[in-house]
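In structure tokens below, several structures.
Two complexes come next, and they have one chain in common, chain A, joined by chain B in the first and chain C in the second.
Coming up: the complex of A and B.
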């Protein structure tokens, strides 16, 4: 999760987020290349008094500053498309969970094996236990099994919301009247935090998401206890 | 230094001017002729290489100080990663809501 003075993306807790981290590094490297080039050029231009008095026809330069950016864009696009198609691969999920956004809480429905459905509200600061995270904790977390692909179907009941968990590399809009599908896989057990990512009213900042990944055996015990 | 020679004429200041020109001609044979042409192209050649090295260098520095160590860190982490041990440690720490620590 995020730390104080955190720079950059959160640590990856899923293989997809790892791919996104590497792609971000690749693209940021290219951005540094271009930005440093522009910075150097502007700096030395400010410090010289030399100039060309008759620069009217510079076909070679025009070709360079057309072809080079095109090559840079191709260098960015190819890994981008690879990661995009990787994210869209079908995975034969073992579980389907419906996520429904409301103003201002989430509902999780586990209807595969048992009719389990619960709401997830943010824990108010005055009710927060010692050591828990302000504005991030919820009363009922979404529990998923580790190392298994989970299909999440995301929608909304009233206005637009967005279900996002940065450390798992997931962000999907919750649109009323539409089901958006995404796949959730975490090889690591743990607790992963996210927040609503589409402006949805007064308490948009106060409807967090908490995903708890536990081994399959414990997940099944939890299902039995709660259904 | 004042002197008379075949170049001195009787017009006002002409002799002084010609003496100055003579002095300058003598001095210019001692100094090298400064570069008067091609300054911009020389500047462009130098700074084109400089810009390339500066920008490519910053990209290489980012790649080998941030990107490659990150890839190595993830590879090392998953080489000997035991998710069950990880889970047990988190469970005992009381992190989970669905699973209580063994003692409770």
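Coming up: the complex of A and C.
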């Protein structure tokens, strides 16, 4: 999850997020080097006392500064497209969960095995137990089994919302009257936090998402207990 | 355990607060080799020509080219390694699931041999 003053991406907890992190590292290194080159060039231009006012025939340089950026863009685009199509790959999910956004809470419906439905409200700061995270904890978490592909169908009841869990690499808009589908897989058990990512009114910042991945046996016990 | 975690946190070095050189695969080696390449290119040019400013240009250029070159080479090999790791992981998982069942390749092979 995020730390105070956290600037980069969160640690990956799903294979998709690993691929996104991988692509991010690759692109970031290229960007750093280009920025370093530009900074150095600007500083040299500012600090030099020499100047050439009659530069009319610089075709070689023009060729370099056309072809080189094109090659750099290709080296960025190819992994980008690979990751993009990887995100759209269809899996064979073992479970379907419906996520419905309201002002200002989420509803989770598990209708595959039993008619289980519950609302997930943010825990107010005054009710927060010691050591829990402010503005991130909820009263009822979304429980999913580990190492199992889960299909989530996301929609909204009233206005636009967005269901986002950064460490799983998921962000999907919740649009009223529309079902958006995304796939969720976590190889490891854990608790993953997210927040609504589409402005939806006064309490937009106070409708967090908590996904808890548990082993299949625990998931089955939880289903039996709650249905 | 706590002291080990604290030491890990202290050692983490992030360029511009984003690129964690310790955690990102190939980043540390790329920066180190890039620095070495920069030093070699810049110093070599200066020793050959005694031109200070142009040596700095070569130094920066050497850093960029060496870092980028090693970065692509190392990431390509790392990607190949990850694919192999995934194949091995999948194989181990399948072995655990199918061991002793009719789908176990070892049992299938024995059955084929006994059939032949």
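Assorted remarks:
Going forward, the second predicted complex is superposed on the first by the 224 of 227 C-alpha atoms of A that agree within 3 Å, B and C clash if a C-alpha of one lies under 4 Å from a C-alpha of the other, contacts with A are read in each partner's own complex, and residues count from 1 in each chain.
Everything that follows uses one rule, which is that a residue touches a chain if its C-beta (ideal position, glycine included) is under 8 Å from a C-beta of that chain, and two chains touch if they have at least 3 such contacts.
None of these values were measured; they are calculated from a predicted model.
Per the definitions stated earlier, placing chain B and chain C onto a shared chain A by superposition produces a clash between them. In the superposition on chain A, A:36 makes contact with both chain B and chain C. In the superposition on chain A, no contact is made by A:69 with either chain B or chain C. In the superposition on chain A, A:25 makes contact with both chain B and chain C.
Taking chain A as the reference, the larger set of touched residues comes from B, when chain B and chain C are compared.
By the document's definition of touching, of the two partners only chain B reaches A:212; chain C does not. Contacts of A:124 after superposition on the shared chain: neither chain B nor chain C is touched. Of the two partner chains, chain C is the only one that A:7 touches; chain B does not reach it. Of the two partner chains, neither chain B nor chain C is touched by A:201. With both structures placed on the common chain, the touch criterion links A:190 to chain B but leaves chain C unconnected. In the three-chain superposition, chain B clashes with chain C only at 59-67, the remaining stretches of 5-13, 41-49 or 59-67 being clear. Shared interface residues of chain A (contacting chain B in one complex, chain C in the other): 25-26, 28-30, 32-33, 36-37, 40, 44, 48. Residues 7-8, 25-26, 28-30, 32-33, 36-37, 40, 44, 48, 75 of chain A are the ones that touch chain C when the two sit in their complex. Residue ranges on chain B touching chain A, taken from their complex, read 39-40, 43, 47, 50-52, 54-56, 58-59, 62-63, 66-67, 70-71, 74, 81, 83-84, 86-87, 90, 95-99. Listing the residues of chain C that touch chain A in their complex gives 14-20, 24-25, 27, 30, 53, 57, 60, 63-64, 67-68, 71-72, 75. Interface residues of chain A facing chain B in the complex, by the touch rule stated above, are 12, 18, 21-22, 25-26, 28-30, 32-34, 36-37, 40-41, 44, 48, 50-52, 140-141, 143, 146-147, 187-191, 212, 214-215, 218-219, 221-222.
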